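Multiple structures follow.
Next, two complexes with chain A in common: one pairs it with chain B, the other with chain C.
Then we have the complex of A and B:
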């Protein structure tokens, strides 16, 4: 029995270049389409220039009489030979049966096994947008009739725009941040709050304060979550003058309140910012000093929050005004809330200022030999006669005594002046080394490195008993200075040739690894960042700053759970703006990813 | 049948479905009009089978030989093909000893840079494979397979989660990164390699798949255009490399050409050209664009580049119209090649004017 197959292969006039593996959809105008009762039949190219014609008369048999799964599968994969064979087979089973008219309709819901977008969604939600695009392009080449869902394409556009905004922010290309947001307006919304913040910050960085304010206002009046409004106040802090910030906080606390949200946190955020401003003015040393009221409210806030960093700032503030007892209390609190060599350094100097030298020496013991700053403070605490390794230059007033006072007051500019004066009679190893330490404090590592090199050279002229010790500590200082200038590789190479005490070697190794980890992080080599941070743990416990970097590294490599665990732990131990923001950002990322 | 089995089978079948069909000589002969081929051959191919790059002081390179061999196939000019390959084999293949082609040859001096240029090897390998299919030359098949093996051995690297093509055997690995040229992903050639090179099939498929990822990642500036050169970091990030021209230019214009020719029609990959064209609506289109800044060159795009733009814009369907003037009597080598290759790609895609 012969009967015409409903499919006929028609070689299109345009003959393809043979050997080109191109599968293309021919222009619709050229496609031979037979309109049918169903109206859904379409022409489709299965190979270059090869058209398949679908001819489906009305009155097809009721569905379900034959299994069309394989048929649809062959249609979808473009396997013409099997498609024809399958049609013949089904016709043999049921002569009344007609091929369905929607065989080539893209994504018809009734279609059997259709292309599963799940893997592409998975790629996208793990941040692999390029891989998702590649998978779509490959599938469209294989099956030109297939179309990704609009939802998928839309989400990809948004994810890519977000990525571009984040990259532009990182590269400080503020205008590109704004252009990207303008091209995809939906990318900046309450559900993608990070992007709204980026737009506002880009305006702020471009000194477009009014536009920045408008965006912040849009957030705090339309995004309902109190925590998000609070974080927006923090974000706006650096870019708005205090009165506009207050205006923003008022709006945030009152506009469009949502059920169950407590907007009191917004007020507290404003307070935090005020305290932060006070404390940073304390640290600045110059410029307008805070009023007594501001100082009192900052002190209360620091006490309430057990803010170790704030306590340090307050300690130095009092110490520089020779209010040694207040200074001692703040340094002591800071060290209790979060032990660290900076607090101990302050404590040693404050006790020295109070004339309680023995207690000062006691207090510094734990860090002796492990922290350059504590060692230096301890030198100031020792009675002048006990100072070892002194040169002959400038013993009396205006000499070492004055230098100690400058150091105790952390006045490193004066330290340099005094040394300059003292060295007029000739530089010696101790003096050169002290100059190096003061330059380090002033964040001038290149000059410090030179001073330490000079100290190392001068050590050979020192009394025999001091020679080795002076040379070694100068070498140590030189190494730390080089680390500050980011020459971690150079330092590591030479480490085996340096005569360092085990303590110092550990300290240098830890410092080197921290420098390298930071470099890796900045270059977005996140695996390396974690590897370096882990390696560093073998030498020293991890300071808070590096743990925060560890958290962001996890965040950037999509290990959101781990990032959240780290930030929450930090925040529980000691909550700061930084940790609060980190927890917020990570939680929002989880919300979006889920 | 379980759904998962179906999907696996589907992927396998789909991959099979796009293998190059056995070539028909008739199809080939029809694809490049004799007059177009004659004009190209007369202007740029010497009697010994050497192609001169008129825009670069008449030097010759592996890329030019490969392009001319492909055009000879499309024009069904077997004698010209044999001369082109004979010269290439004698001068560029013998210029190295590892199965790759020395990329640069200068009149009166011979090979002046022994490094290879990977696109030259790929184009030539592809042309040889097609010669074997079109004219049944088994010697050419053996030569092609040995070239493919050399490319796999010396130029395919795993880096940053991708399978990348080094642009040359020496000079493109930097401390933690690799510099690649996106326009060296000649997709139709890679698909042909996967079909013809049984040992290398998984490698070529990975190279091809990574090319799509690479081109999705390497988009810069306001128009999101691909750069001529891009550095891939160890974590797979794409950045513009130091010490290379940071631009979309004479190399990267081939990215949309090869993608289209390889059967890729996803508008995502073609929209950047549509957006770029829209910016110069009606006026002259610049030949190069700095990235990411977007500064454009004074020099306008050549006829061949415009032909690529026109094809890309049609696929992107952004509505940008491009007028391609007829090639001038003194149209240079590269512009002529791009115009002819685009013509071939359009015919293979059914995109005839």
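Then we have the complex of A and C:
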């Protein structure tokens, strides 16, 4: 006869991250202890959305038959995943054993030896393994008869191995990660899922794809939680080819299903990865291009999620193939979902490609003078006669017309070739400046700075009506180039004496503040980082990369809730490996604090 | 009469400790600036860390430098790029100085450059970053420049441009380096229009380092046989494929 389990763990669906043991404490994430209405022994809210209900067992096993030290510790710290695993382990040792009814009681007496090991467990779980060892030695010196529990020593060994693996991983010593795991096999298990992921990634980094696949397969077939399987698919994404990833997802969705788990999330993860890969291939413009099916699937996903970044990638994909109408539609959608100068730049170029120059000029009006990329696109949209400061040498084939076409196609290498030809009859300020913008696009800012300086010098020879405007734009380009060569300090010193339009000054100030914020973050001056990022917000909306830095700054200053709010908001808008990883790390820190 | 000092209230040290350690970070802040690179500083031409051979006509566009503690000094010299390819041509010079005190020896910043300079994995990643969309190959045999043996890779694109990435670790303190310098890492990234790799490598092989006045050329006698056999004016040995 099968007895119903007297102890049941009811986890709400929100427990997507109850995976790993504590490494560091996050004090403000302490979960309140609640009693549920129905249970005599009560339940305990570990964190929002996580609840354990405990049925009082009819007859608990006699004390001493199993070592409950670790069990009580996990119950006290709210480490759900390890608590479950420990219960399963103790049941395997003694099938008659029942979890004690006072497990979650704050007054639960320590089992076994008279010495309370809790402080040592606490040291260990906050990553202070050396201090834990020292505390054991000190207690043994004071009380020679005392022996630490086997479980404590074993967990300490595993915590030390985990620390070694994490350190090796951080230093990219992939083989050392594998050696550590091989020396302590128990360190990599479902209850220590991070370590299994580390082992798989180390294989992946060492190009041992088969071994990496084996580890990922082990996870998705033996670790029952759907969220963990889903995260494993995401983690495997960079290291496995699409067909093996698909095989892994099939296994994850079907192998050893656990009751109450919804494995549909695994399938969705695979779709996310497929779409992400397609969009990244479109964005990179390198390597094998996506098939029609992949493209259609990506387009559908982008439409469904109203993903502005994805729409941009699709826009450029069509624009580079001269499918200007499709490009126009995607750029319009992107700009509608999340207005930005990149979308407007594309829109201007697509409309120019369709021959709708007037519409192109209208579309770019809002960003004119505020965005270098839109200004550049508008130059390509203007009819040839409207180009300022040009000499007659540039007319016709091989002249401005060809240059505009090169710019509309974003072919900046050809832009340099054309300018080189055009300038044989003499360089003027417009050409020199255009050369500077093309060099910037080719990630050659030092040469671009030279070109802008030349344009500034040549501006004095331009017609009087264009002189100031050309000199100001060249100065602006020169400043942007200097920022790209890490000369923020020099730019800040000269900024008060620069002749810039208010819009351009705002753009430069936003750039310098971003550079300073990054420097502050690297120097662990987190308060300064937030101060500078906040100041930057007055000039421009915050780009995604800086928001991620803002999230990590909150994390590093123990404002875990705020970090989670930022990362989750980013992830909801556009989910990437980076945002998913950030959400996972912060959630784990939050639960560790319970 | 001998004065007996008044006992300090136990609350005072506790209060001080609480202020110092309890999150009152305006009183104490860890200074880690010595372990982080400084901002880049632009260099005048006379302060450039190398002299390039005049006959090759390569005039540097600009150079900048930064330090990490008193141990590492890095220079980035941007060179003209006669192609239409993306990315700057450049020479990187990273100098590792010998610590001048026990404190410096014990508290060194993290390395400014890795040793080994490249592994198969990191080289592949570097080539992909430096020369996207180009065929890259690592040369099987090394070449020899003024300061000894170095390795390199070649990148070729659809057009007529060719690029090279060469790297060299100078750590011969018996002859080449003065006692104040522990090691120097050189990295040469150069793309040329329609040029043979050898022509792109030649300025690198003949440059003179000026970061210290008494850096000497390598002793010809220490050249391994494999490198000595490479005739100076012939194209480099057939490279092995790294990435297609």
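Rule of thumb we're sticking to: the second predicted complex is superposed on the first by the 351 of 594 C-alpha atoms of A that agree within 3 Å, B and C clash if a C-alpha of one lies under 4 Å from a C-alpha of the other, contacts with A are read in each partner's own complex, and residues count from 1 in each chain.
Just so we're on the same page, a contact is a pair of C-beta atoms (placed from the backbone, for glycine too) under 8 Å apart; a residue touches a chain by one contact, two chains touch by 3 or more.
Remember, predicted model here, so these are calculated numbers, not experimental data.
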item	value
Partner chain in contact with A:354 - chain B first, chain C second, else both or neither	neither
Chain B or chain C, by number of chain A residues touched	B
Which of chain B and chain C A:130 touches, first, second, both or neither	first
Contacts of A:227 with chain B and chain C, given as first, second, both or neither	neither
Partner chain(s) touched by A:522 [first = chain B, second = chain C, both, neither]	second
Touched partner set for A:535, first chain B, second chain C, both or neither	neither
Partner chain in contact with A:140 - chain B first, chain C second, else both or neither	first
First (chain B), second (chain C), both or neither touched by A:166	neither
Which of chain B and chain C A:447 touches, first, second, both or neither	second
Common ground on chain A, meaning residues reached by chain C in one complex and by chain B in the other	523-525, 527
Interface residues, chain C side, partner chain A - complex	25, 29-30, 32-33, 36, 39-40, 42, 61-62, 64, 78, 80-81, 84-88, 121, 132-133
Residue ranges of chain A touching chain C (in the complex, touch as defined)	205-207, 286, 412-414, 416-417, 442-447, 449-450, 485-490, 519, 522-525, 527
Interfacial residue positions of chain B with respect to chain A in the complex	1, 3, 6-7, 10, 13-15, 17-24, 26-28, 30-31, 74, 130, 133-134, 176, 188, 191-192, 195, 209, 212-214, 216-217, 222, 233-235, 237, 261-266, 268-269, 292, 344, 347-352
Touch list for chain A against partner chain B, complex	12, 14-27, 30, 45, 47-49, 69, 73, 76-79, 113, 116, 129-131, 133-134, 136-138, 140-144, 173, 176, 179, 523-528
